[in-house]
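You will see two complexes here that share subunit A, one where it goes with subunit B and one where it goes with subunit C.
Up next, the complex of A and B:
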């Protein structure tokens, strides 16, 4: 038990969200993308920049956008100049960490209205390929000599999970099929594939066995934003605020090879912290809709188990039974997820928070889940399979 | 404790560390336990182990020629990542071996053959 009870002063609500297109090689600059998302979130809340007290920026490695001091650079795009602005960064977990950090600002009483923006532009700066950025994140002694890349460490994790839980590639491919089909309802989606089948996934190019091309989300450019407000302000702004009920984040050891790869402990701990704050003791029953992080298809299953939305090794069964479909009993990644909408890293995590916001307001349009939803969850994961970030929201 | 690790490799040994407080093992050897913060002591890693997981790399950077196999194997209480000399399956028995690679001493895994 590492998480403790959290004392906070103010209830905090999300009152607006915005999202750009997710695409490879968008022509807008990172600053422009940040502003497009920020403006949309402000418009949704009926606010302007003048109303915003503080700005929180989230972005993954500087090397993607090719700009060191990316926080300062993006803050300018997002409207953070002459305001208290800060950037947070926990690798792929950043997108959900942005509203967590924005929550501190409001819950502490320091700010009343906060703009939280996440941006990533992966197509231009990293040469010869985006993956090359990840050559500089490893332990210099043990891992560097193996010339690791992200795909092969996840292949190891996927393989161990498959072995320990007796999961077949066919079961895992179902996640990719579901999410790429779900994405067809999303106006930002990069990879809507309405007719994709399990067979297509199983026949796609082998990158690092057992990972194949359609097991992975694409590299993308894009930005997302949300506006957070104190209770008093939120009630003035909207009749339908979505409350942040719980937040959690934890870090596990960088020496990922020393861990049990079949189960994401970093997610469990982060979820436990968020659940305690939200008063959730049976997530499977109390969470109505969830957006777990799905840069790879097996990660959706892995994370569902870490979040307690399925028992250990049970997520593939729920998936096979259709429970996780948009019209199922526990819709998982109704947005289309990273597999379908795309993966501009930090923006992808915040996209999930935006999706839960829209789902809980009943504003998800073609993507609206069938059952009535009152409590939702978004989760992201990053660094060397070690950082977990969780947010629980409710109406 | 990488200097100790490199010194061990020179004499054909592979070492990790074990927490004096909680018993958690660590590879590469560390000064401080990742679980409890306790002090650690060096320990020889047993020669023979079992493959926990592996990946077969088909797409890589120019430093290596695909396909090649990378694995994590369990040697006694130690989990060690490394390059495998041959194809492996989860559960296969392997031994680590020290060899010269690009002018540096490093280790790799070799499958134990049962005749």
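Up next, the complex of A and C:
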């Protein structure tokens, strides 16, 4: 397929990726986590910090790490000292927004080689619980007085999706089982569960019905990084660059009461933007492997539909039929996703981009999908649960 | 305050628990042992503070701390007259940025002196009971 990406000065490739362990608590400081991932990405590209022109940093709320102006704080570990460096932030969607922002640094001709780093250290926000950070995302007038819990939104969204599409919890639990099993092939994984069953998910603690413990990804510390380069540089650096073919991002209203809870419109629009750029008109056929954002099991289904990888209400059917398994016709989250590898917010999204990079290069090791793959997609979701970020990559 | 118009809220998590990092942890352990150390980069040979597991100059991995001579030089200082809440302190305190010869970076710490000056040589006054905190050095004093 030819790219319709003709208005940009430079084609942009990913030439290296790096990832720390994802764990509930890591000893390394946030700066050190950023460095671990950045260094690994540079090593993989065969570059050193001196080769990097610009740096893009992504991190979700300052309140997790407990350091205000986290972008500036992370800049040193991310390699941004004495270079043009910027932090981008769209909540949970940040991880995929980092390479999007890095893309325009290169596509514009402004920078030739960009280091893009995402980091999150949720364990610092220790007491009473990391979740408390989310107490302050609510509308202070109509929601806050009800003392809401973050999972409320997801419980209601999940239930709405189940109702509208006639989906059973058993069907949704299949996603969690698939991803937590997939994670066993990933060296960074926090929650590899090789023997987990649908029954285990259905019997796990009910948090806010219908959301149960194993429907949810854990809280994590971790960092991820990728190196982006212009075409000329990329061809010098590697024989196997992975091209960024399309990018897209959109916001819906912050009022979740004013959104279609059964269908993620914010993802559909972001995907359409990316597909237009990449020349994709039939994503189900043209995308070979995808990493949709899966902090909850039902969100993988939700997002597959928003991305056009399944028709409305069809994602649970594809899942049941095994289409989304690693050896299936459309492998979904072969990495193990957030449900399996862990969810250090911004780093989790960038982990997905790294996974597609490795899958398209045939370097995913035990996680490598069975069929040959040429075009892949990563997507994240966040802010007040209404930001969608999409990246399409190809070889 | 009219309740219908204003929604007061305190945006604080009850407690943050920070990690010091692998090299930072060693550095704190050496403080507890009464030793002043700095991170050592095997690539460029620089010694630097604050300690961390990478060299901020060339991105090399750093694992080693080296003991440094516990004699620093006051690079600049200030005199603190009031506490965090603006109340006058019983005793004014000298706060200095102290550099150590051959070490990049340095430490901020109290200096016990009536006559602070830039260029003053200072050494740490260690506490008898140390916990692995930067305050294991009670203050610096003229060397």
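Everything that follows uses one rule, which is that the second predicted complex is superposed on the first by the 388 of 395 C-alpha atoms of A that agree within 3 Å, B and C clash if a C-alpha of one lies under 4 Å from a C-alpha of the other, contacts with A are read in each partner's own complex, and residues count from 1 in each chain.
One rule holds for everything that comes next: a contact is a pair of C-beta atoms (placed from the backbone, for glycine too) under 8 Å apart; a residue touches a chain by one contact, two chains touch by 3 or more.
Please read all numbers here as calculations on a predicted model, not as lab measurements.
Engineer: Put the two structures on top of each other at subunit A: do subunit B and subunit C fit, or clash?
Structural biologist: fit
Engineer: Tell me which partner A:194 touches in the superposition: subunit B (first), subunit C (second), both or neither.
Structural biologist: So A:194 meets neither subunit B nor subunit C here.
Engineer: Taking the superposition on A as described, I'd like to know which of subunit B and subunit C A:141 touches: first, second, both or neither.
Structural biologist: Both partners, subunit B and subunit C.
Engineer: Contacts for A:156 in the overlay, against subunit B (first) and subunit C (second): which applies, first, second, both or neither?
Structural biologist: Touch partner of A:156: subunit B, not subunit C.
Engineer: Using only C-alpha centres after the superposition, what angle do subunit B and subunit C make about subunit A, to the nearest 10 degrees?
Structural biologist: Once the structures are overlaid on A, subunit A sees subunit B and subunit C at 100 degrees.
Engineer: Name the contact category of A:372: first (subunit B only), second (subunit C only), both, or neither.
Structural biologist: The answer is neither, since A:372 touches no partner chain.
Engineer: Between subunit B (first) and subunit C (second), which, if any, makes contact with A:166: first, second, both or neither?
Structural biologist: Neither: A:166 stays clear of subunit B and subunit C.
Engineer: On the A-aligned overlay, A:209 touches which partner chain: subunit B = first, subunit C = second, or both, or neither?
Structural biologist: first
Engineer: Now for A:124: first (subunit B), second (subunit C), both, or neither, which partner does it touch?
Structural biologist: second
Engineer: What is the minimum C-alpha distance, in Å, between subunit B and subunit C after the two complexes are superposed on chain A?
Structural biologist: In the combined three-chain model, subunit B comes within 7 Å of subunit C at the C-alpha level.
Engineer: Once the two structures are fitted together, what part of subunit A is touched by subunit B and by subunit C alike?
Structural biologist: 132, 141, 145
Engineer: Name, in rising order, each residue of subunit A that touches subunit B in their complex.
Structural biologist: So the residues of subunit A in touch with subunit B come to 132, 135, 139, 141-143, 145-149, 151-153, 155-157, 159-160, 163, 206-211, 253, 255, 257-259, 261.
Engineer: Spell out the residues on subunit A that touch subunit C in their complex, using ranges where they run on.
Structural biologist: Touch list, subunit A to subunit C: 25-29, 31-32, 35, 38-39, 42, 48-49, 63, 66, 76-77, 79, 81, 121, 123-128, 132-133, 136, 140-141, 144-145.
Engineer: Quick check on the complex: what are the subunit B residues that touch subunit A?
Structural biologist: Residues of subunit B touching subunit A: 2, 5, 25-28, 30, 34, 52-61, 63-64, 70-72, 79-83, 90, 101, 104, 106.
Engineer: Okay, in this complex, where on subunit C does subunit A touch?
Structural biologist: 7, 9, 11, 13-22, 24-25, 52-54, 56, 58-59, 61
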